[in-house]
Each structure stands twice: as structure tokens, then as C-alpha cells.
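Letters are used for the chains, namely A, B, C, D and E, taken in the order the chains are written, and counting of residues starts over at 1 for each.
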Amino acid sequence: MTLLELKNIVLQQGTFRLQVPHLKLRAGRLYALKGQNGSGKSTLLRLLALLQMPQSGEVYFAEQPTFSAGGRFRRLRQQITLVEQSPLLFAGSVEKNLAFGLKLRGFSGREMAERIGEALEIVGLGGFQQRSTRELSGGESRRVALARALCLRPQLLLLDEPTANLDAAQVEALESFLTGLPEQGMTVVIATHDVAQPQRIDGERIELIDGHVSQVRSDTILSGCPAQGPDEPLVAGGAASLRI
Amino acid sequence: MTLLELKNIVLQQGTFRLQVPHLKLRAGRLYALKGQNGSGKSTLLRLLALLQMPQSGEVYFAEQPTFSAGGRFRRLRQQITLVEQSPLLFAGSVEKNLAFGLKLRGFSGREMAERIGEALEIVGLGGFQQRSTRELSGGESRRVALARALCLRPQLLLLDEPTANLDAAQVEALESFLTGLPEQGMTVVIATHDVAQPQRIDGERIELIDGHVSQVRSDTILSGCPAQGPDEPLVAGGAASLRI
Amino acid sequence: MGYLGDSFITAIELILGFDREVQMTVWTSLYTSGCATVIAALLGIPIGLWLGLSRFRGRRLLITLLNTLMALPTVVVGLVLFGLFSRQGPLGPLGLLFTPLAMIAGQTVLATPIIANLVLAAVSGADRRIISTALTLGASHLQAARQLLREIRFGVMAAVIAGFGRVIAEVGVAMMLGGNIRNSTRTMTTAIALETSKGEFAFGLALGLVLLGVALLVNLGLNIVQQR
Amino acid sequence: MGYLGDSFITAIELILGFDREVQMTVWTSLYTSGCATVIAALLGIPIGLWLGLSRFRGRRLLITLLNTLMALPTVVVGLVLFGLFSRQGPLGPLGLLFTPLAMIAGQTVLATPIIANLVLAAVSGADRRIISTALTLGASHLQAARQLLREIRFGVMAAVIAGFGRVIAEVGVAMMLGGNIRNSTRTMTTAIALETSKGEFAFGLALGLVLLGVALLVNLGLNIVQQR
Amino acid sequence: RLRLATTTSTENSGLLAELLPPFEAANDCRVDVIAVGTGKAIKLGETGDVDVIMVHARGKEDNFVEAGFGVDRRDVMYNDFVLLGPANDPAEVKGGSETAIALAKIAASKSTFVSRGDDSGTHSREKQLWQKADVAPAGDWYLEAGRGMGEVIVMAGERQGYTLSDRGTYIAYQQKTPLKIVVEGDKGLFNPYGVIMVNPVRHSHVKVDLAKKFLDYLTSQQAKALITGFRKGGQQLFYVVD
């Protein structure tokens, strides 16, 4: 099933122009977004999170247009969560940060506490509930931001360089957790500069070169994994550049 | 020559305690600072940058005590520059950011322009002088912060995960630049989570485990590099844990 | 001058003596300024948020106008509202003139631009990621704005306190719209003005000290609320 | 009330007529408020910075006191300074009473806590890394504080504008310490109060509109300076 | 430079603007007028912050001189008070000539009366008149406003009540208030203005010569002519003492 589809997107931002003739994200897949500094990864992720509007083109969520059908944004946004490249934590306790999104979704106190505890365990911060966000190390902050997104269990999880400040053990733990998400039906997009990461997480590649998106068949397809058979051409628009 | 020496440092910060029985940084060397998230790398670097005061112990700069000899801080700080883990750029142009430290040191307009241009070239941002810092990508921001420190050519350069958001090409370029600095007499300390980085930059290891510092002979010494003969015991205080 | 010392003693006497009339004046002051500040906050905070978060043509001009409104003299507000509330004015039939309600209206006009401006300043200084973070966590724009307010609460509190200080200390509106009627619309400030015009400087100053004491209590109270 | 409309016409006549006396009053208002705002900024900005950046016992109490000083009524300031400047007061021999200098002193007292408080709020809301970044780049603590001010200039500007608005609109201090002497210490606000007490409502309101016009010009000017 | 503290009525009526320029021209000086309430004007004299005061509150003036704050008190002129009331005259006092009787009727009918309530000269006179009427005014109908004359007239107009005013202020407000004169011409309504020099023995900086000249001027024929000739709304406001 197609979860998100971008068509003929042009997003101008200063002198930078993001162009996405066509991009398709399917439900229950894991995507690795690659590209040099300034190639537009974060911009694309903000677009996918419906935070930034394109000058032209349309984004379809579950085959419904989004930007042109104003007003339904918020409900859509509750199914898409982005962890930004330098995430901001709200002032206060770690618990409050994680509770923010859960409260908006109407969870009860017990459910919240449960989900918060689980999410913190995943990022290796069990017991950090009462810590103030002002007194965390760089890696701990990033992990709190990750947990804050994970506990919402969105349909589409967008991660902008999630492992940039994590230590080796945490990277490994997170990667193994993330690779399990597609099975649960979640779609994950990870922007990364770690050249080996896409392979480790077995992700389909999306490559950005100077604002031009090209979607590349994943290595797993090339190596013939039956679960992800090529039911339609994946490469769409622009010159497809195959890199690892 | 010993550039910086720490003795019997105890720095309490919330529930976290940084302990440095003894640490010696010699002029013209490159150090790699390793440790898990929350082990105290950033805290140690802030201490080395004379930004944070320990509860007890003393830091000697060029064999002179610093904290107990109040007032001379500023002159010392002009010889130590830290690029923080999530660096802050001042509002305004990239050029203004780089000019800030140069102006304080009384450089003329021409010298400034020259140094700014050079530093930006090093981080691959030639021509970015007039760009507003509010309109940079994550990696570009970090590189501006690096350039802002590099253009000051301090005696001691402290880098907190400098390559965390850089693309592969930039990492390589920066590493090769940094390895050249010791020859020019500069001392560099790099905190990193990249397990292969210490080896690539040929740095002596400093390892942090739960706030305990241990200084480890560099691999180059173990592999018998003559330029860095062991003129004195490098491991000081605490249990030395040899890891790569 | 002798009266500076005298007034201290008088102030203490006034407070300890629980003078009925002084209590009444304190209450009128607190009541009108309190209501006005609350209404002004309910108006000014959304205005400040809106101006701080939206981008449109003419926004800078609007901000400059709002800045200018901070220089609104109390007498001008008094005159304009007097014109509205007077028997011959459009709102005359309501009979609001020389009642606490008229004073509240005037003080609200004074405090709203102050609160709006200072909230705007706080919003402008806030991290831009607060809103987008709240949005990606599933908040509506309104909920995101509320979270922003929570993050900049120190600035918002300062704005409200500044607005409160302005109205509890002001005398022009209270005088013109309230009328300084004994046991009805006499506030601390109009009482001070009256005593001063009588030449009772020590008594006037004593009332001033009582007023500052009351303001201190309010601020201590807000402080405790804020630290909760 | 007819005077609302009348006053518009009168205001325009006053401005276009270049009435000497009105010009004089405008100038006195601008001069005293301008000087007072500048002095208050020179005092209040460092106080706000210091309170915002340092941590010591009793700091919160000091901040609460400073908050309270925003509720300082103009009449109280007027009375206290009157006591100092009066012939029998300690500063009596200087003969400052009923001169513009006395008004500037009083207005400075009014504006300083406002500016200090709002700068403090801006500092508290600022990114903590600004100071440490400046320090690691070799700045002294003073230079770092200056850089911080530059980063929060929107908030500082709002503070100064709020202070200016407060003093150009205030009438108590100008009245008590200046004395509303024609061609000498008569300001826009004391003139408005005078005209109002004469029953010349339209003329008073017209002067009020002129005052707002002047404040608008000042704010437009500051706006241009700020955007440079 | 001479500093004169005076009541708002003299300044606001515009009299001083006619009276002062000839003196200023003749003596090459400036008279700074500080227009405040009577109580405050006297206080300014006590503290020595002005050289001359001109007020209307005979009792207080005498105390001021007796206490040694001022010297050389002289009568300058007088004006008169009028009792104002709404056109429908609910207390039915219109046309009376005895103010005290009118006040008693107002109290009896509990018609709104707005008092200055500020210890001003007018307020002192009002209290005397109440005393004469043998009424201790109190209750909902008796509003103690604590404000200036003009404001009180406006307020009484808004509330459709009675009030005591000096004629000058009433004339200035005639166009703006629905109030009419209900009682005037009563002897008890005369209001003399006195001018007093601040005692130079207590305050050495007082400009004795100039102040003396000013007092002489105010009681001179030239000034008397100006005072008598001063008209507002076609009416004479001040009368000189002969």
C-alpha cells in the first residue's frame, strides 16, 4: 500500500530548490535518505512531515491529497512524527516531554506511564523520567527526542540523523529496534551520513543530489528478497544514480 | 612541553561526578576523547575550555595554575577555543560569526577577510561569507562553527563531536586537515563516537568511563612511532582501561 | 524634608490600624487593576502571539503602531472613554461613568498594548523550533501556541506584571472615569493625588507606601504561582 | 460627544499651524522623556543583564522587588523627589525643583525598573549558549554580555520602548517636579491635564493626538535604526 | 524670575495671562506660575519653593501668616460662588437667595450633591455653608469627589446633581454642562483672594524686592483696571476690593 506519495514537488527556499518529480513511500518499509550536506534531506523530511509547504506539487497521504485539502492537516500530522536534526526538548522533565504527544492523543495516565517507560527503555534511558531536560548530555537529549517520537507509534516515522550523537552501543540497539518497526506496519525514513547504515538497517535508498530526489531500488530487492517484489517502477523522474 | 595539566579534579554536576586524578595534554599533539553517552566528554571539554569550574583540583596552563589565579582567565581563553557539541551561531551572516573572535584579537579588516576566507575553504564553505546563519543546513552550521574556531588558530582546539553531522567527503577533508595541525604546534582534542576516527586521525586516546578519566597510550606509540617516545608514564591515576 | 520620615510612620499606622476607608481604597485599587490586567492579558497575549508568529505585509507597521500605543497617556484614554460613557455618549444609557466598570475599561485599554508588545518580544526571542516540534508531535496550531507560551512563561509573566504595574500605578483613568468618589471609586492612586493636592504630603506618601506593599504582596503571590 | 471629532480637526490644525507654544511643549516632552529613557536604559540594561546572568542567594527576592517597582505610582516618585529637591530638602540648594532636570530625574526613576525587568526577562529567555560561545571565542565577560545584548536586541528594544512610552505618557512626575510652568516645564501631558481641567476637552484630546503622533515618529525612527 | 503658586481658578480662567505681562515687561522678569490646589499652594509656600502665593481660603491664609511662613498678606480681589443644579431642579431651590436654605432642601430631598471633598477653598466654603444650614451631609446622595472644580461640575452634570462652584469655572464650563445657576448673589458666597509673600526670614532665597514689587503691582490701579476689565463669556469674573 502506498502511504505517502509526492508528485511534481518544487520547494524553493532561499537560493535552494528542492525538486521531487515523484516519490513513493510504501507502508511498512524502511527508507534510508542519503545526500551531502545541504542537499536537502532535512527540507525533504520537513515536507514529508507537512511542516513546510511546497511552491507547487502535491503530497498524497494514503492516496488523499493533503496540501490542497486544507484543514485536515492536524489529524494527518498525528500519524506522522519527525525527529529533527537538532531536536528541541521542552523545558521540564523528560516525562513531560514524552507525555506531550500522548496527552494530545487522549491517553490515560496509566497508558501514558507505560508507553513512556517502554520508549525510554528502547533508547536506553530507563528511569530517566524525572530528569530535567536542561541537565542531559548531547546523546541523552537526542535519545529523549527519539523516545518522544517512538512512544507515539506513528504510521510514518521520520528521523533526521538519529544516530549522529549516539555511542556505538546505542547505535546498534537503536538500529536493531528500527529494523523491527516495518513488521509492525510502520514506515520509517532515516536521513543519515553513516555510509554503512543503510545496509545495516536494510533500508531502501532515497538519494538527494543538490535538491534532486531519486529513489533507488534497495539492495535487498537487487539481492532478490521476495517480500519486496518490484510491483512497479521505483525509480521515478530525474537521473537515478545508484550509490551505496 | 606540557600545555595543559589537570590534577585531582572533582567536578560535581547534579548527580554526575567528573573525576580526573591526573591528565596531561602536551603541546603539538592530537587527542581523541572517547566514552559513552553521558560519560562526561562534553563536561571535560568545558572544563578544559575554562568554562566550568571544578569543585576541587586545579588546571595548569603552560604550567601556571588557572582557577586559583583569578583574573587572567580571559587571556588564557583566547588561546583555547571550544566548538561545542551543538554549536550556537550568532544571528547574522556567516562572516560576522567568524569575525567575532578575530575582532576581539584586534585583527585588521584585511587580515580578517583573509583568515575568514581560508577557514571557510577548509570546511568546504568557500563563498558562504554573506549567507545568513538562519538559513543553513545542519552540516553547514556545524562547519561554520568549526571555521569560526579554526580561523582563531588557538593553541588548544577542543572539538566536541565535530564530524557528527558531516557527510563522508567533509569528514575526510576535515580529518586530514586536523591531522596537520599538531605539526604547526597546535594541540587538538576531539570528542567522538566514531569508533574508527581515533585511528584515522592517529590520535592519543583519552577515555571516559562514568566520569573517570583515563589516559591511554596511543596506538602509534604502541606501534613504535619514534616521534612520540614515552618520555614519562602517560597513564595517571584511576584504572587504565585499554580499548580502541 | 520631615514628611519622608513621617510618612513611614503614618504608613505603618495605616496598615496596623486597619482603617476602614484605607481598606476600601486598597480593595478598589486591587479589584479594578486586577480585573483590567486579566482582561488585558486575555486580549494582549493572543495579539502578541499572533503578531509574533504570523508573517504578512504591513506587520512591521502594525508592530510600530502597537509600540506607539504604549505611549498612550492616561488622560487621553480617560477623555475618549469619557466621551463614550458620558450621558450624551453612545454608551451613556448604560450609566457606566463613575463606576468601577468604567475604570476597568480604561485600564484595560492601557494595559493591553503593553502586554501584547512584551509577549510579542518574548515570542520573537523564542526558539523557532518550539512550534514545529509541537506540530510534529501532533499538536494543532493552537496547542502549539499554548506550548510556546509555556516555554516563554518568564517573558509572559514579565509582560503581565508590567501591565499590572502600569494600571495599579496609574491615576488619570481612575480619576476621569472613576471620579475619585469616596467609598466607591476612590483608589490608592486617586487618594494619593487628592492628599497631595491638599498639601498632605506625608499622608499621600504613606498611602503610596501602602500601595507598594500591596503590589509587593501580589508579586510575591505570582512568584509562588510561577514556581509551582 | 462632539469633542471626539472636534479634537481631530484641532490636532491637525495644531500640527499644521506650527503653533510656537505647542512646539515648545512637544520639545519639552521629547527632551525630558528622551533624556530620562537614555539614562534609564544605561542603568536598567546592566541591572537586567546582571540579574539575568548571575546566580546568588536572594536573587529571586530582588527580582520580585524590582517587579514591584514597576508599580511605582508617579505621584509617589514625585513626592519623594519633591522632598529631596525642595528648598528644605537635602538637595534644595541646587534649586532643581520646577526645572526640566527634576522631571528627568523623576522619569528616570520610573523607567529604570521597567527597562531592567524587561531586559531581565529577555536575558532569561535567551539561549544560554550565547555567553559560553562568546567566552570560548575569547571574549571577556563584558564583551560576552554585549554580544548577548546584540542577540536579544528585539527584547531590549521592546524594553526601552516600553520605558519611553511610560515616561512620555506620564503626568504625575512632570506635574509635581516640573510644575507645568508655561514655556519652561510644560509637557504634552501636563498641558493635556491643564486643558482638561479647564474643560477644554477637544483641545486636550488634540494635544493627546499630537503626543501619539510624536511617539509614532520616535518609534518609526527606532524601527529604522533597528533594521539597519 | 519670580515663582508664584496659585489656585487653578486664577490660572485656568485666563486672568493671569492678562495680568502678568505688564508686570513682566516693567520689571524685566518672568513670573513662573505653578497652578495647584489651595492646600498645595500653601504647602509650597511653607517649604519655600515659591516666592509668592495667591489663594482663596482666608482661615488658612491667616494660619500661614501667623505661623510665620508668610508676610505682608494683601487682599487682591474677590469673585463669588454660585450654587449649580440640574435644569429640572428636583430639590426646588431655584431662585432662592439663601444658600443655606437651599442646601437644607437638597439634603431633605436627598438630591445628589457633588462635593469637591478636597479641602480646597471652595470645599472649605461649602462646609461652612452646610454648617450654617445645620446639616451634616452624608449618605448615598452626597458624593465626595475629591477632584478639581471643572471635573466636579462635569460630574454633577453627569449625575444630575447640585454642586457649589466659583463663577469663573462655571462660565468656562457653561457650554459643556447641563447645569444652571440655582442660587447666586448670597453674601455668604463671596470669595476673596489674598496674596502673600513667603517669609524671607525663613527662606533667604526668596526674591524679596521682586516679590514686594509684585504685591504692589497687584494692588495698584493698573492691575485693578485689568482685573475689573477681565471678561469671559461676556461676564466679569473678578471684582477688586475698594
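Worth pointing out:
As a working rule, contacts are C-beta pairs under 8 Å (C-beta built on N, C-alpha and C of every residue); 3 or more make two chains touch, one makes a residue touch a chain.
These numbers come from a predicted model, not from an experiment.
The chains that touch chain C as well as chain E are D. The chain with its Cα centre farthest from the Cα centre of chain C is B.
Centre-to-centre separation between chain A and chain B, using Cα means, comes to 32 Å.
With centres defined as mean CA coordinates, chain D is found 17 Å away from chain C. If each chain is reduced to the centroid of its CA atoms, chain A and chain C end up 47 Å from each other.
A separation of 81 Å divides the Cα centre of chain B from that of chain E.
For chain D, the set of residues that touch two or more other chains comprises 86, 88, 127, 196, 201. In chain B, the positions touching at least two other chains are 86. Within chain E, residues 47, 151 each touch two or more of the remaining chains. All chain pairs in contact, by the document's touch criterion: A-B, A-C, B-D, C-D, C-E, D-E. The touching residues of chain C, counted against chain A in their complex, run 127, 129-130, 132-141, 143, 147, 150-151.
Within the complex formed with chain B, the chain A residues making contact are 13-14, 35-38, 41-42, 85-86, 135-140, 143, 160-161, 164-171, 193, 195. Interface residues of chain D facing chain E in the complex, by the touch rule stated above, are 86-88, 95, 97-98, 179-182, 184, 194, 196-199, 201. Contact residues of chain E toward chain D in the complex are 3, 8, 12, 32-35, 47-49, 148, 150-151, 153-154, 169, 172-173, 176, 203, 205.
Of all residues in chain E, only 36-37, 39-43, 47, 117-120, 143-147, 151, 155, 157-159 touch chain C in the complex they form.
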